[in-house]
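Next up is a structure, given as structure tokens.
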Amino acid sequence: MIAVELGKLARRPRTWLSIGLLCALPVLVAVFLAVTELGPGPGEQPAFLSAVLSNGALFPAAALAIVLPIFLPVAVAVVAGDAVAGEASGGTLRYLLLRPVARTRLLAAKLLSLVAFVLAGVVAVAVTSFIVGVALFPSEPAAVTSVSGVTLTASELAARIAGAVFYVAVSMLGVGAIALFLSTVTDSPLAAALGALAALVTSQVLVTLDAAGAVRPYLPTRYWLAWIDLFRDPILWRDIDRGLGLQAVYVAVFLAMAWANFATKDIKS
Amino acid sequence: MTPAGPGIDGYRVLTAGSAALSDVAAPGRRHTVVAMGAVRREALRRWSLVGAGVALLCLLPTALALLPSRIVDADPAGLRALILASAVRPYQGYAASRGEILLPELPALGEVTTLLGPATRIRLWHASPQSWRVAVLDQTGERDTYRTADGTFMWDFERNLVTYVAGVQPLRLPGASDLLPPDLARRLLGGAGAADSLIPLPSRRVAGVDAAGLRLTPTDPETTIGRVDVWADPATGLPVQVEVASRDSAATIFVSRFLDLDQRTPDPGLLTPVLADSAGFTVTTAQDVATVINGVVPVDLPANLAGRPRTANPVAGADLGGVAAYGTGLSMFVVVALPGRVGSQALQAARDKGGTAVTFVGGLGYETRASLIGGLVVRSDGDRRTRRTFVLAGPVSADVLRRAGAELLAAGAGAR
Amino acid sequence: MITTSGLTKRYGGVLVLDAVDLSVQEGDRYGVLGPNGSGKTTLIRLLLGLVYATSGDIRVMGQPVPRRLNTVLPEIGALVEGPAAYEHLSGRVNLALLDAAGPGGVRRTRNSRIAAALDRVGLAGIDNRPVKAYSMGMRQRLGLAAALLRTPRLLILDEPTNGLDPQGIREIRDLLHDLNAAGTTVFISSHLLPEVEQLCTRVGIVDQGRLILQSDLAALHTPTGRVIVATPDADQAAVLLDGRVDQRTGDRLLVRETDPAALNARLVGAGLRVTQIVAEHLSLEDVVLAVTRPGSDRVDRPDDRS
């Protein structure tokens, strides 16, 4: 079943289109940056962009910072929102269930194919942005300056970028799980994706709001930027650990809700 | 071939034997009592399972927070002594400060504005007062300060800049390290007078330490600080949390606490700046710092202001000229003299941020008041060459600052 | 093969199926007939475990549904509310994906089974066009191929000839006959009388959520106790059979008489010419019209409704 889901994902033009768009945005930013050499000022998002001007090997980190707030979660919400609702609206859900595919198994397969999509997207962004960064900016992969000012070797840099890729991918799973749950509630893929994005925007607004301090540690986007801590020296694990734990909780809760809802749902599509 | 329809009669005759037909004569809806199906029960079971799981997950942090900490009783005076003696203790960890003190962004105040404002995350490694490193973290970078035997190194990621300060800084504006629980607690408690009341507070678990608490309530009428609550490790005296409230309201307006704490000596490798070659590098001397970074102009400041003596310079011989602190303890305030252009900027900033205009004999000023810290920018009358601008700030009442401002203008602190 | 007792389904407050007692025997060609919106599709969804009953029991192949659905479904081929496929993929890829998704789809035999199923439904020569380029009829055939992929013991088909031309309807009917002859139980739903009449051995009539009739088709075609006579000498015949003629249209008479042979002998004995004589049988249409009310797609004013 998992192989089938991955096959469906890989055969879908939309999958490649969205990964392509994900990669294109950082490339566009890189081109503008290389032409104008105007980095963002201190304290301005996205992180790492001004550092890229002096060492292009750090561009994968900047690219992650560029796609993380909007592009990546939108892509994830669309794919996850489509997971069950798309099959339902296309009518194929009933034939899958009649095949028979156990409903819980179908959900698990959908989640795994979502994970595969997220990983593929983030890795693609990292790889293309490294190539673009090295091509467009003066680069010295063996001597990248960490956020703490310490020089990183090429292997340290590779390990930290790999860690950031992994962390960003995991960060997306909370939104993905919300979209997957909504996808079992409605038969409209669009509604599921928009619902998840609404949750995401709410979370992003509340994270910045001091008045919402009491709920901040539980918001899905609370630790999204913690991957930057991987580029500090020594690495600050505290928020990264919490971010991973929080995403695990979100995935567990919304997957459980999806399971509870879907396992006994009347399939009327 | 369509014969005449057999009619209902014919049909009845035909199918009378069929069990299902008994309903035909009564086509109305039969009232059925709907028993809850097995599937609905199953759905209910699943949802209650999920609900219980979610409730458990939500309650877990709350329950953990409510776990009683070990009750630590400590005599407040003894604890205070222990805290004041804890400067030599090593520690490393992660701390957060959160304040509601929104200072106007005056050029002279430098980093203080952001430090006292909303949440600041700080990592620190402290081996001794002469060897430590503090990193102020934010979402897009980091500012590190390394204190070594050779001097102070400052790293700013976003500016890709290393600043090296040779020698010891005699007096400087507060930095991140001053707002961490250990330094802040020692400073505030050190400044307490004999008359100030010290009472014990219930112990509290902070960053894994069962910390004993004490509350300092200053009696000095001129300070705006209403109370200072400090929790410290009763074994080592290391302060782990500090809360400050103003006199006007009971609400805490500044908190600084450890989130992670390890009271072992940090790895010396972490305290040595191994900074990237590609970074920009500036060297200054301690003498310059006050002038260059804070934009101070050398002037003679009076020995007394508003009835408070000028605080003795901690390093003999290093005369700072334009920067001085007055008073002691919790009602201390600083005065910074600013050169012409920077001074005008400061005055303008104070006015734009909603400062209240105050008229003085021989000058004018703008008063700003955050919940704890009062600020006053005054400028003497005169043309561009002769006029002087001063910034006064501290946790003192507006009255004290006004008196000090008036005296500054009257003294006509001139250029040397 | 399929039995339900007291099967009731509500969607929210709306009663969609009301106490349905269905009984399908192994080897039947069973047709569920009913107007649109009568609950046929809901019944099929219930049998297949897609929706869950509000109350009542379902047994398919002796197993309770939906509890033992996973042992039952592999032996069922089904078409529910029209075919569905991934539009951007070809028919073959769709079948392969579906086959790989569940149990029993042995990889080794997959391609040959797909080829055989496509051959059976008349899509043997299909190319790699995506399904979105298919016609209605081709989609319907593809859906049938998917149902036939693993030689099921029971076929449950909702409106199987939807979208097919008369030629295609004939092909599919023959196919279902053949499958049934080979031992497959066929259960179809339809709102088309001729379809059920021509294919099925047993019929159930659903109207407004209730199974109001369930019978062998042969039993429905019972004589009405009247004989239809066509004669050029209709006037004399009417006189001869005075009192027994229910109706006369031109030279056709409808006579109350159970034995056409005896009637024929009497007419011929009286020197009357008979061009046609046949016992009147009930047609399925007569039965359906008698027991059902207008379909849910017709909305009358309340006072017009008798």
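First chain written, first letter: the chains are A, B and C, and each begins at residue 1.
By our rule, contacts are C-beta pairs under 8 Å (C-beta built on N, C-alpha and C of every residue); 3 or more make two chains touch, one makes a residue touch a chain.
Being a predicted model, the structure only gives us computed values, none of them experimental.
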Of all the chains, which has the CA centre nearest the overall CA centre?
A
Looking at every pair of chains, which has the largest contact count?
A-B
Measuring from the mean C-alpha position of subunit A to the mean C-alpha position of subunit B, what distance in angstrom results?
31
Chain centre separation (subunit B, subunit C; CA means) in Å
77
Where subunit A and subunit C are represented by their mean Cα positions, the distance between them in whole Å
51
For subunit B, what residues touch not just one other chain but two or more?
39-40
Residues of subunit C touching 2+ other chains?
52
Among subunit A residues, those touching two or more other chains are 264
Where on subunit B does subunit C make contact in their complex?
1, 3-8, 10-11, 14-15, 18-21, 23-24, 27, 29-30, 32, 34-35, 37-40
Complex contacts: residues of subunit B adjacent to subunit A:
39-40, 42-43, 46-47, 49-50, 53-54, 57-58, 61, 94, 118, 123, 135, 137-142, 144, 155-160, 162, 259-260, 270, 273-279
Spell out the part of subunit A that touches subunit C in their complex, as residue ranges.
1, 3-4, 7-8, 11-13, 90-92, 94-102, 264, 266-268
Which residues of subunit A touch subunit B in the complex?
41-48, 50-51, 54-55, 140, 143, 145, 147-151, 210, 217-218, 225, 228-229, 232, 234, 236, 238, 249, 252-253, 256-257, 259-261, 263-264
For subunit C, which residues are in contact with subunit B within the complex?
8, 10, 15, 18-19, 21, 52-55, 66-67, 208, 210-215, 220, 222, 224, 226, 228, 246-247, 254, 280, 282, 286-287, 289-291, 293
